[in-house]
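Shared chain: subunit A. Partners: subunit B in the first complex, subunit C in the second.
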Partner chain A sequence: MNTKLKVSKVSKIYPGCIANNNVSLDFESGKIYALLGENGAGKSTLVKILSGVINPDEGQIFLNDKLLKLNSPKDAKNNNIGMVFQHFNLFETLSVFENLSIDSEKNNYQLRILVNNILKKYNFKIDLDVPILNLSAGQKQKVEIVRCLIRNPKVLIMDEPTSVLTEQETEDLFLSLKKFSREGILIIYITHKLKEVLSLCDEVAVMRKGKVVSISRTVDEELSSLANKMIGENLNKIKKITSNNLSGEQILRVSKLNFNSEDPYEVNLVDINFTLNKGECLGIAGISGNGQNELFQILSGETLSNNGSIKFRNKEISKLNPKERREYLMAFSPEDRISQAAVPSLKIYENVALNNFKTSNFFEKGLFNEKKIKDHSKKILSNFSVNTDNVNLKSQFLSGGNLQKLILGRELITSPELLICFNPTWGLDVGAINYIHQTLVKINEQGKSIILISTDNDELLQLSDRISVINKGKLSKIMSADEVNPEKLGLLMGGGLVD
Partner chain B sequence: MNIDINFLGILIGAIMASSVPLILAASGELITERSGVLNLGVEGMMIIGAISGFALMVITDNLFLAIIGSMLSGLLLSLIFGFLTQSLLTNHVATGLALTIFGIGLSAMIGKDFVGIPGKEFPLLFVNLKEVIPLFGPIFFGHSIVFYFAFLLPFGTNYFLKKTKIGLIVRAVGDSPISAANQGINVLLVRYCCILYGGAMCGLGGAYLSLIYTPQWIENMTAGRGWIALALVVFATWSPLKVLVGAIIFGGITILQLHMQAMGIRIPVQFLSALPYIMTIVVLVIISRDSRKIKLNTPTSLGQIFYKEK
Partner chain C sequence: MIKIERRDETSNLIYFLTPVLAIFLTLVTGAIIFYLLGFKPLEALKFFFITPISDLYGLSELLVKATPLCLIAIGLSFCFKSNNWNIGAEGQLTFGGIVGGGVALLFYNHEGFYVLPLIILAGAIGGMVFAMIPAILKIYFNTNEILVSLMLVYVSKLLLDYLVVGPWSNPEGFNFPETRQFNDSARLPVLFEGLRIHAGIFIALVSVFLAWIVLFKTYLGFQIKVSGLSLKTAKYAGFKGKTMILLVFMVSGACAGLAGVGEITGPIGQLHRMISPEYGFTAIIVAFLGRLNPIGIVFASLIVALTYLGAETAQIFLQVPKYTGQVFQGMILFFLLASDFLLFFRIKFLGFKKYEY
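Moving on, here comes the complex of A and B:
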């Protein structure tokens, strides 16, 4: 039987923010629908309304022309709407089977048979009696999906399902979703990843600032058209002018750097040598886990190398800690924004104060100079277009893109001579990526230097003047960006050689 | 030789009896904590149970009413805690501490008029079997109904948590209240029930002291047992059977060190008095070393305030 889901004029208003503004959408089974939008566009709010977690202020939802009253998640379940949240709703310390049985009316014996049949049918390999905390992210997601399938869902909603999956797991997931769709389950797929929309979905609705701005078939769309709809403006094409008029003044010289780790999970660095000129961007490519972490930590001073030298503006800095290196006008933006770059439970201005320089006078006689820090923080927020001006906000409430802007702002506001950043746009949406790329180009133009360690080859080719590839802790020959293409990078990243 | 065996039996029986209030309070608190609520008011609820049980006994001359009343009073006190922490979202630790202080003060006030009044004899079960069977007789027979209830309770609690649907829901709420709410579980209802149950068991533990163990009212007569019960739950890594072991060890060493003091063994009294605390912790730490089990048994959301999105 065909399933029709209709969202009619749904609005949800939070203090200071219209999360959903008169949203109307029609869905029909047999197709996979994408709900596309940047972080904060209102997708998650709509999903929470559909799954009964929150109530809309206005509007109705119809399933097969029947008005639904979704006052709790139970109501959604009873109406055969299944939901897989971005953050898993699983109980980590309970076993897989206990997680499945908790909301099932069936007795354990019947349930086990049913679950085993589902696992077999879709070729999911999950041990039912291990606790959830022993599973990988992909397996946890499968448990969530099985939990929905137990109830014979008519509608299955997936909220940003691939954000925690590996590439292989993503492919598996897409195969399963296509299979569900063929079996008549209506699938709504929420994402901000454009490529996934084109490869998986049949129709796409784009949301922006709480409104649906476009509904179209994916065959009529391409990456750039979707990106423009999502951002609402034409993205500035970032054009890096490879400057031939580099002064040639050397700013950093790393020579004979070695690092042997006692930790078996770390990568040893072997004989790292490179130099960096003023105003230049050096890209370091590589498959993650080939020594990028270790290289970043040694350049930033989080760990010290066993031997070798790092000379920054003719001073030997290899034995200095990150704070001392910052005093010499180096700046760092680590890969993990939440645990390395910022403390999520601290307020914005407190996170700013963590970067405390001798000259910044944030503290007087050991006490907070609150006004000074707050003024400084406000300057960062406005200069780097973070979408809040409330410096008392806890950093955990910033979206990934805004947090990264804050971190970059904190690092850059002191006009450092060298910025070392590691995957600065990882997990961000198109708009934020664009902004950060523009910022990086701008600081190069101001004659400052960048080391960009990244696993995103497009980004590297776009921004770097010269590129090197790291593989198993060794750097390849450093190449001018003009002579590099994606194929060449790929070959080097896999450990191959090029002349 | 016969006399020795009998003495041994009586000694073990006494040890078990002395651990009853700990088992009751700790089993109750264990359920509360398994739902993710940390109630530090155990001592306060026990002492309120003790005085209200004793007062009811004196007033009504009915032990059954006294026992029920003590449980209700513990439950009422925990209801205050539940309302504050679950409905008004106050901090668990601060509220629990306040509850203990409140309970001790209130009990002293109510108890003023009951000091020095003798208690009533509590009916004991299977008294005639006590003399018949050597060793086991004095251990297992001739105790109050509360005693037998207490020793069955950890097994019941274990079964409840591991085998029943409601037990599963309690564990799920303690693991992640947000996920539970998204699954359509009424987190507040579950937590309120667990808090009230914990309160009732603490009240009963207190009443055991004032009605059965030492049938009289003395101000502050729980003497820190509530805190020991709390520590037992944590050191037993939220496992009911380990709580039982811990409670018996604590009771045992308390009784034994009293005998050692009486025998005049030349060990400083202060050290002997500290011995039960040290030994209980050491033993529980040793039997609970499996870090995997600790992770699985620990209620992840313990002490965290939960509120529902609207």
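Moving on, here comes the complex of A and C:
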């Protein structure tokens, strides 16, 4: 049976911001729809309205010409609208099956048969009796999808589903989604990744500042046209010119580094060796969870390696803590920008004061020099185009892009010789990504070095001079960026070998 | 219709108003309890909260009780702010009292200006060293500081018991479990003739001031704040986490030790089994009621001290057990934790829908 979903003149106003402004959209089963927009464009608000989490101020939703009253997520479920959120709603310590049975009215026996049938039909390989915490992100997402499928959904909404997935997992997901679509499930795919729209979806609606600015067929679109619609300005494409003026002067030498963790959920690092030259960007690719986190922490000094040596500008630093390493002009931008790189409930200037150098004098004679810190913070805000000049703002009110600019600014304003960053553009919109990439290119041009640990292969290929792949805690041989292509990377990331 | 909404931001006003609300709810509930017990509620509350401080002696008693509470709570705020759960202030107080009392007995025959400072210093060091035990065990063996610090309370109490019954008991004391009365030069001077209020209050006030400076104006205070909010960030910033655990426990223990030595050299004047009516535990309530803020703690210590006094007058005038005081302390903490809900959520009264049209 055909499913038609109609969003009619929906508006939602928050104090100081119109999240949805008279949004009207029509969806029909058999197609995959993309809802494209930057962070803050109003996609999530619309999705929350469709899934009953919030009520719109105006407008209606119709399913097959029937007016829907969605007052709670339960109403959405009862009307066969399934929803997979970006962040999983699973109990980590319960088994897969227990998680599925929590909100199911069926008895366990029936449910198990049903789930097994679903798993078989879509070729999902998940053991129902292992705890969720043993699953990869991709498998967790499959559990969420199965949870929706149990209820025979007519509509399946996916909210930025690939932000945590590897490339292989993403491909798997796309195959499944196409299959669902052929079976008559209406699929709405929310994303800010342009490529995914083109490779997966049939139609695309672009949102900007709460409004739908364009509805079109994806065959009529290309990357640049979608990007322009999404951010409303022409992007200047970054292409890093591999620096020819590399002096060859070595700045960092890591040798025979090993790390054995006591935590069974951490990855052990095995015999890490590499060197880094002045002005160079070394990319480290890999599927997430292969030791990137551990490598970052050991390079930053948050954890110490069991043995091996890290020499930075000819000084042995492997036993120093992050603060001491910063004094030697290293800088770090961790993956978790929200709760690690900054404290959300602290004000901007307090978050800036986290990097307290001997020379910065934030705490003269041990006392907090508020004026100095605030002046320093203002400089960061303006030099790194953060979208506010209020240093008293709590950092939780900054968008992801602005927060990342603040963090990079805090790390870079002292002109460090080496920046180590881990997924610096994770979850950001195109405008912010662009800005951060430009910044990274710029510091390379100034003769400073970068280690870029990232799960985004495009980013790595765009910015790196040399690339290595980390797999199960081991680094592959380091290749020059010219000889690397996505296929080669994919092979190494999956644990294969290239000559 | 009542609607509950998540707040976007917690305002400072509500942050300090919720303790007031908690106290109000405690009074209302207290009135109900008194009513159920067959007393006139308002009169009972008056006996409990007004009569005790209606004369100078009462006010002096209030300050005598508030002094140790304030001191201990100040120390605890260092621990609690940095996510270190020191529950054993009572033990650190007792141990500080033991060490200070030991020095007082040692200098029993000495008279001189140096005796009292020496005793006070010894008490602070005693409490500090005793608090370092859970800290060091936490740092090197990853033990749970809640359990260790709590269990050490009983260790120190039993040690005190042994000392006052055995080796340190008063040779002329007819086997009462207590030491000799300390020499006058080992006593904190009384501020006013006839009242018990003593110079210990200045120690408390100085530590309030110092704590405020350290917590809000120094790098150390900043590190404590950040570690309390996010250990991950503290690690990333390169703060020396282990040193800090040790340091906050030392501050906390020293404050509790000072409170202990203040009691024995102040109102008590000797060592015996009951040198503290559980000030160390009650101070936990004071610390939270004062929002871990030194100024807030000053007010909170006065309010909680009043429950001690009120319990005594209620015992006399209403013939209820003095443990009523603990009931009130418990209620304050309970309502405080409950009203913290308002920090993150707001309640909206939308009126009745049917009257809308």
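Everything that follows uses one rule, which is that the second predicted complex is superposed on the first by the 280 of 499 C-alpha atoms of A that agree within 3 Å, B and C clash if a C-alpha of one lies under 4 Å from a C-alpha of the other, contacts with A are read in each partner's own complex, and residues count from 1 in each chain.
As a convention for this text, contacts are C-beta pairs under 8 Å (C-beta built on N, C-alpha and C of every residue); 3 or more make two chains touch, one makes a residue touch a chain.
The structure presented is a predicted model; accordingly, all values stated were derived computationally and were not measured.
In the overlay built on the shared chain, the residue A:K77 is in contact with subunit B alone; subunit C does not reach it.
Once the two complexes are laid over each other on the shared chain, residue contacts for A:E98 go to subunit B alone; subunit C is not touched.
Touch criterion met: A:F85 reaches subunit B, while subunit C stays clear of it. Touching more residues of subunit A than its counterpart among subunit B and subunit C is C.
Once the two complexes are laid over each other on the shared chain, residue contacts for A:S300 go to subunit C alone; subunit B is not touched. By the touch criterion defined above, A:A353 reaches subunit C but does not reach subunit B. Contacts of A:N444 after superposition on the shared chain: neither subunit B nor subunit C is touched.
Of the two partner chains placed by superposition, only subunit C is touched by A:F363; subunit B is not.
Touch criterion met: A:N55 reaches subunit B, while subunit C stays clear of it. Against subunit B, the residues of subunit A that register as touching in their complex are 48, 51-55, 72-74, 77, 85, 88-94, 98, 101-103, 131, 133.
Remark: subunit B residues 165, 168-169, 171-172, 175-176, 178-185, 295-298, 300, 309-310 touch subunit A in the complex.
Within the complex, the subunit C residues that touch subunit A are 9, 216-222, 225-226, 229-230, 232-233, 235-240. Listed in rising order, the residues of subunit A touching subunit C in the complex are 300-302, 321-326, 332, 334, 336, 339-343, 345-346, 350, 353-356, 362-363, 366-368, 394.
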